[in-house]
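Note that the chains are named A, B and C in the order they appear, and that numbering of residues resets to 1 at the start of each chain.
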Amino acid sequence: MGEELNVSSLLEEVRAKRPLVHNITNVVVTNVVANALLAIGASPVMAYAVEEVADMARIAGALALNMGTLDDRVVAAMRTAGEAANAAGVPVVFDPVGVGATPYRNDTASRILADIRLAVLRGNHGEIGFLLNAGGAVKGVDSAGASDALPRAMKAWAKAHGTVVVATGETDYVTDGDTVYALKNGHPLLAAITGSGCQATGVIGAFCGALPSDADAAAHAKACVAALTCFNVAGEVAAERAAGPGTFQAALFDALYHLDPQTVAARARVTRLEVAV
Amino acid sequence: MGEELNVSSLLEEVRAKRPLVHNITNVVVTNVVANALLAIGASPVMAYAVEEVADMARIAGALALNMGTLDDRVVAAMRTAGEAANAAGVPVVFDPVGVGATPYRNDTASRILADIRLAVLRGNHGEIGFLLNAGGAVKGVDSAGASDALPRAMKAWAKAHGTVVVATGETDYVTDGDTVYALKNGHPLLAAITGSGCQATGVIGAFCGALPSDADAAAHAKACVAALTCFNVAGEVAAERAAGPGTFQAALFDALYHLDPQTVAARARVTRLEVAV
Amino acid sequence: MGEELNVSSLLEEVRAKRPLVHNITNVVVTNVVANALLAIGASPVMAYAVEEVADMARIAGALALNMGTLDDRVVAAMRTAGEAANAAGVPVVFDPVGVGATPYRNDTASRILADIRLAVLRGNHGEIGFLLNAGGAVKGVDSAGASDALPRAMKAWAKAHGTVVVATGETDYVTDGDTVYALKNGHPLLAAITGSGCQATGVIGAFCGALPSDADAAAHAKACVAALTCFNVAGEVAAERAAGPGTFQAALFDALYHLDPQTVAARARVTRLEVAV
């Protein structure tokens, strides 16, 4: 399946094209998202001012929006950047961090889903389950469970909206509304550091940003599968060198930096799920 | 004394309850505070918007306020969150970073002390000395000295306000107004990284958040003693594996993650001070 | 040349004086800039509120302004702090991160150059080339090239404005308008982490902050040469201990912390360029 999905060749595309990924992300993870993007071979830029986000989004290969630490200025910036990206055909990835935890996050996520055309919606099982009314619970910004109904709800929503949906957890699900992928790579230490999901969102932006500009949902789904598989395989490699979560984060950057297509191909655990909607 | 203070059992409580700690902290340390909380076994959330901080504070196990990088929005958020936490019985920990350095910080700290009921006030010797008019000097956000009058002033202020006071330095002092604890664990490398005090504040939030909801000042003081002892013992362990401050920060997260009650009990250096007020 | 430039003795000055460096920097790098400054022996403070930046800048040894993640509040704070520093004779270092990428960044940089008297202007080759109309291109916040005309334009601009100009890249150029220094230390991993340029800007602030208050442009240029040489030599040492960019950042703090004058003197690669203007 690795061949068909081209995980390895997509990684090589990222490094060859070095896509500019414009991130509007939260203050907890800005540094690690930038470092993860540099390590995988992309060019990160963080820009937040309403005065410039449209200009930056237009020249980016992808725009990654993350609502981990919102305020009204960040919300306005995400909207302005998202509209500019939509107008310019730049793919938008949205990470609804902590949705379900407060009405403000719920309202913000709803408005972005309504107003911005998303290439990819990525959250953990709890966040995606909450957004899609497929069960799941949220405690703060950590996922606290999911339900078997999740891949089904994801597939239906993706089909209806033309947006790839990604829910990460012990198994990661990716769907474009037609195919549902189940990804089994990763390591428990990824849940022991802050911002691993946000880093994954950034890396998804990099892989989407390396696609041709006319990429469709099926192509974006494959980019998500490749991005998550690369990120999670790097997590596996890093865990072998780490003595805990602190050395793991450093080793994760090292592993992303040195990640070679052969290692990814050898370790990838990607399957297709049969999901009736 | 370890038995009486239950340092080990409080650590086990944190890991069992995994309290949600709502942090309104500064932009320098958000990432490391979140990682320190994850490593010790708590669930960190950072939320700053006035639109949501009350909702988040109400569902948290503890609220940790840190004024390291203030602006008027952060100040408003701290006030709103603090009032919501007070109304809901959620313990509030306040870290007056850099008080004494500028009038704005002094005014902000004064207003929080006046308006929010604090379970714990934690600063370094210089900050607490300044706030309590017990001598001490502040240079930027680093403590630049303390005076012998400090534990005395702390005990009197704690008694008068029903707030546990914590002053960290080469010796850490903790008092609920009746008992004064002196803590001697730690390592000089903790002063060579940014945000070790802020991380300690977060960890204090985790330990307070794991207490029963009717915990009194004496219980909060014991939680502070346990939190600081765990944090500082982890610092000692980390220092043995570090080659300098960079590898020390990573090793500190590793050590917090792997910290076992036996190591804490064996290394704890906690005594009671006789302090006449 | 090391003797004449006093790289080693300037490092010792920084550690002896422990200058307070007030940073108004971007949200991506606040943590690593603070840690780099602590590691080299300075005392970092981050303060952003218009209510306090003038107070903080006045008591600082140096003010470092970095426009990596602007908004109107940061711009106002930089202006207020810069004016206070100018009035108090505190040297100001300005890092125009990402200038050339958006009109907002161009406007902001222009206004700071017009309104604040700078001791040092530091950017990468692309940023300085753009600002000085000496060619160079900017892609997001990464430099994407420079031109041979760069040192010439830098020398002329420095002479005209009484400001030291620093352009970092594979070769770093430093000029006070009379002398042009070319620095060849460093390691490719410095470009593989986010914020190495921002950290260098902070360290330049530390070295300028350790100078006598009547230091002239020639002295500030020597401080820049010393700061960059120390930072880049630390990068070389760190690279020998790193397995990739993650472990490199940690090792860089370790190396800055342990950097000794002998190592710097032995490794320094500083020459003077003959540049006709």
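Methods note: contacts are C-beta pairs under 8 Å (C-beta built on N, C-alpha and C of every residue); 3 or more make two chains touch, one makes a residue touch a chain.
All figures in this text were calculated on a predicted structure; none of them were measured in a lab.
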item: Angle, in degrees to the nearest 5, of the Cα rotation that carries chain A onto chain B; value: 120
item: Chain C against chain A, contact positions shared by both copies (same if over half, else different); value: different
item: Separation of mean Cα positions, chain C and chain A [Å, integer]; value: 34
item: Touching two or more other chains - residue numbers and ranges from chain C; value: 27, 31, 249-250
item: Chain C - residues contacting chain A, complex; value: 26-29, 31-32, 68-72, 98, 101-105, 139-142, 192-195, 242-247, 249-250
item: Touching residues (chain side chain B, partner chain A) in the complex; value: 20, 22, 27, 30-31, 34-35, 38-39, 43-52, 55-56, 59-60, 73, 241, 249-255, 257-258
